[in-house]
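Two complexes are shown next, each including chain A; its partner changes from chain B in the first to chain C in the second.
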Partner chain A sequence: MSAKLARRDHRAAWLFLLPVLVVILLVAVWPLARTFYFAFTDAYLDDPSVYSIVWFDNFIEVLNDRSWWVAVRNTLVFTVISVAIETGLGLAIALLLNAAIPGRGLARAAILVPWAIPVVVATKMWEWMLNDQFGVINKILSGLGLVDHGIAWTASSSLIMGVVIFVDVWMTTPFMVLLILAGLQLISPEIFEAADVDGIPAWKRFWSITLPMLRPAIGVAVLFRVLDALRMFDLAYVLAASNENVMTVSIYARDRLISFQELGVGSAASTWVFLLVALVAIIIIGVLRLDRAAGT
Partner chain B sequence: MASVSLHAVSKSFGTHAVIQGVELQIDDGEFVVFVGPSGCGKSTLLRIVAGLVAPSSGIVAIGGDDVTDVPASRRGVAFVFQSYALYPHMSVARNIGFALETLGMARDAVSQKVLGVARMLKVDHLMDRRPRELSGGQRQRVAIGRALVRQPEIFLFDEPLSNLDSDLRMEMRLEIARLHTELKTTMIYVTHDQSEAMTLADRIVVLNQGRVEQVGTPQQLYHAPDNRFVAGFIGSPRMNFLNVSSRQEGEVAVLTGAGNLSLALTTGDAQSGIAEIGIRPEALRLVAEGEGRIACILERVEDLGHEHFGYCRISDGTVWVIRLPQAPLPDRIGKPAGLDFAGSAVYAFAADGRRVAVGAGHVAEGPQP
Partner chain C sequence: MDTATLSRPLRKPSSFHRAKRRIVRGLQIFALLLVLVYTLFPYYWAFVSSTKQGAALYHSALVPALDFTYYRQLIDNPIFMGSLLNSAYVAVCTTFLSLVIGVSAAYALGRIEFPQRRAVLMIVLMISIFPQVVVLSGMFELINWFGLFNRPSALILTYLLSTVPFTTWILTTFIREFPRELEEAAIIDGCSHFRILTKILLPLMGPSLASTGILAFILAWNEFLFALTFTLTDENRTVPVAIGLIAGTSRYEYPFGQIMAASVTVTLPLIAVVLVFQRRIVAGLTAGAVKG
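This part shows the complex of A and B:
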């Protein structure tokens, strides 16, 4: 291609990108920049126009707050456990669905249902089912004679994190299944046939062929889920509002910003959330070498 | 090493019958080629032998043992795929040695055997590469190496050369022929390319629409095809055909057809029912207009350097190919000409495609004015 043609191509590309860039500037870059800016001020939400610069005081205040560290711990516990369960379960279901069983199309559609339900609806639904007096779960458990009185699933401080993880697993495993299934279907069936003829045992086939070939797909799925889980807000908030046992960093930032009207400190907390998510994303991309794996 | 026999093997996918009642006996150490047009069921038949596809009915036996219900992994076969099916995330060495590794063989013994096979196939300088870093020919060698290292009793090849360019195809064809001479293992090879079948096979199985049309040595299929399908499929360029009407005069069939054809052939019985004749391009001779046994127009000549093909249109629109010893003078192109052939070169077919045995001797005079 001549230099002139290349230049014309570039100009056309930028022209097409322009509307998107403008939108991103308005809805992402501008609010983000404002948040960063307010993080360095002592502004309050009732009148954000009156403030003075306090530099890093807000960031330090967040780090000195015991609640912040509880929220960080909750967020990390939630992320690691829920994503681990979702990945394992997602892989297992994807492998099952990939086998040529009758009714596979129906199963594939049905499994998507939990993911299609809005988070608030799903959370409320589970909250009702888990209700200690009227919930169907306790009804079944006591009917089977497993418990003599209803368990207060969502009120007990030791159980509530388990409930949050359980509901998240129920809602987002389909997403994992879908991404891993897509990766599975990219693998040529002849590779499995070759392993079959070569007498490779099933477990070895899984560990040495299926899993390594699925690594890019699983990596992308885990990355998406981890980023999602780290900034999780809706599920825990709908279920338990600001209950400290399941307070995530996003809920902490929201409380500082909205409940306490501290625009400056809330912005600083939000910035910490942003940095935390960015850090974890960079680590995952580096560890899984997703950028390179994509080429295989 | 082992023999293979198929008895009444059929396979249907839904209502579609892909393989229909195949009977086949392959001897120990034989090189057999399944050949046929695409969709004829040759790959499915090979997969049935491998155990990758279960037959709907019939018996598959290897080395005399019924293996119909034995999984692929315990049939002692190796399979080379058209797509090579190499493990993309493993090095060449690991690709070749993976099956041995799972057998619990010692690491040293595995790498010894892998190296031996890699040397034999001239890929020993590529041991650390990934499949994606190899050329098509190298991938094919690695795929063959992976099959070889297990010392299988039977080698199965599913169109192994069709993804290669023609130079490489020729080279790998020789390589596979050499392997068979050295190993003397039973090999079954699937291809749609009749020239691969002719050059590699001890015996060729011609398949069409899930049925075996004919089994025989390349020479048998070429010189004595059982039917019109085999006659038309084996040989390149393919046999020329012409629809004829026949009138029986005792044991002589008098044939007439386009291009002022007039031909009489002796037939064994009085009801030969010849509907079509076939003549190979190399049995035809280009002669002057009004001479020879059939009239045509020489439409086009292809000059390939070492050989020349003439395309002659006969009055009913049929185009015959003729192999010429040298390119004809350019001023003959587009002009009427005649084609001559020996009566012994004529194959006759009945309306159902069955070949009719004819005597060579009794051939009538050339085209009538």
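This part shows the complex of A and C:
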């Protein structure tokens, strides 16, 4: 009888899952499979029905393209530096907002503003503030006597990656702050009280209590942010279109696919992006698991 | 002399502690002000710039000139208003569909025991993290098959890729938080799962649906890559793409005033929603990540 009930439950479960499974098949699995398939063909976007199978030629072509490797390097540099800064800054702001100080409610609301603003809008806002002639940042810097004439932040090939990282940090640190704050609130205040009574100095309390207890929260936040940073498209695209200094792997793949209409090569590039992201995801999840295993 | 210092073992004179505490408090407030300026100034500056005309735009006066010419131009611009409507249509439809599909899936994943539950959850999570550019070729073909190319409706279909896994995941964690006792009586009475979901759980899920819905809405409202790729003509664009593609006649005539006015207009509803539903948004964001 209970087996029959269980079977009824299982059938109900799949019924409730039907819509989500249809959506996943339609907009995720099927397009993904088609991308993998096109990667082995020489199809063009204007008429995708005419093509022949070229096996691994497209994959090799992408690997032989110097621009691809520039894009890979840019993406990795961007990901490592921006996520590192976001984690540090996010941790600092979260600790600050966790302390009982007046105005922290206001600050917790304010911190959501950069997170909610569309990437395009944030990029345009900073582009205007960083404008070489009329931007407020250069006005402030020259007002303080730090520079003689405005710095061409977004036009200079050596500074533009810095600008992209800077804007990304501004936009996504709130996400880090929120996740770390949530982690902080899970730590029972009694531990700190005990440490306080024992006269343990603040930096040691932070290093030996707060940080280890925040490890899971920070780990999850870093995982999400890294995977998000690896697929970054809009920020660099709006700021610099296909400027090689900040071209990411997503921009490279889309360029091949849409601008050059090369459905086959573009799909192969997309497949490489997929493999890159999957590899990084596996490594990070592996590290997190090892951490947890070592902790117990 | 307050009791807090007395109850502790006295190691140093209390005046030392009081001075130290005051310095720490002062530094904290200063840091808090820095955080506020850092997060809010760019948006404030966009507003200030959007109300300055002509040469005034290039002076860095910190107070807004309150000249709303750019905003009037935006309202009179049918293409910009059209893209606002497109954005609203796409974001509302995406949010609604993702919530319906998400609630249904979350009920199965959060309330019914079945062997493949963890596997389904893992698949949902994996799809929410893979890069959108990877499905671009296949999606292009799919949209052409449906005859949706260069139509805002195409975007609803493609946005489901990011929003559905996301709403499913968050709503599952929310549904699990409700006590089991809620439905026990109904289960004993032989109530169907559909009735348990619609009559018992759904009436309690208003706040959860609100936080999840807001997050899905923001995701859809802000999306850029698909919107850029699958719409071609100005009247079918969404706002982020419209703003992204505003260009001046030359590098020196870049219309920053208009762009800032458009940026403020597009972001104002989001900021209002965010400030009003602050707690719900934080609950939604952290439910997905911390407990998962």
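We adopt the following convention: the second predicted complex is superposed on the first by the 288 of 296 C-alpha atoms of A that agree within 3 Å, B and C clash if a C-alpha of one lies under 4 Å from a C-alpha of the other, contacts with A are read in each partner's own complex, and residues count from 1 in each chain.
We take it that a residue touches a chain if its C-beta (ideal position, glycine included) is under 8 Å from a C-beta of that chain, and two chains touch if they have at least 3 such contacts.
Keep in mind that what you see is a predicted model, and the values were worked out from it rather than measured.
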Touching partner for A:Met125 - first (chain B), second (chain C), both, neither: second
First (chain B), second (chain C), both or neither touched by A:Ala253: second
Touched partner set for A:Asp198, first chain B, second chain C, both or neither: first
First, second, both or neither for A:Val273, with chain B first and chain C second: second
Touching partner for A:Trp30 - first (chain B), second (chain C), both, neither: second
Larger contact residue set on chain A - chain B or chain C: C
Touched partner set for A:Gly90, first chain B, second chain C, both or neither: neither
Which of chain B and chain C A:Gly219 touches, first, second, both or neither: neither
Common interface positions of chain A, toward chain B and toward chain C: 197, 199
Of chain A, residues touching chain B in the complex: 188, 190-191, 193-201, 204, 208-209, 212-213, 296
Of chain C, residues touching chain A in the complex: 8-9, 11, 25, 28-29, 31-32, 35-36, 38-40, 42-43, 45-46, 49, 57-58, 60, 100-102, 104-105, 107-109, 112-115, 117, 120, 123-124, 127, 129-142, 157-158, 160-161, 164-165, 168, 192-193, 197, 218, 221-222, 224-225, 228-229, 239-241, 243-244, 256, 259-260, 263, 266-267, 270-271, 273-275, 278, 281-282, 285-286, 289-290, 292
Chain C partner contacts - residues on chain A that touch it in the complex: 6, 9-10, 12-20, 23-24, 26-28, 30-35, 38, 45, 48, 93, 96-97, 99, 101-104, 106-122, 124-126, 128-129, 131, 133-134, 136, 139-140, 170, 174-175, 178-179, 182-183, 186, 197, 199, 217, 220-221, 224, 227, 230-231, 233-234, 237-238, 249-250, 253-254, 257-258, 263, 266-267, 270-271, 273-274, 277-278, 281
Complex contacts: residues of chain B adjacent to chain A: 50-52, 71-74, 77-79, 81, 83, 85-89, 98-99, 102-103, 132, 146, 150
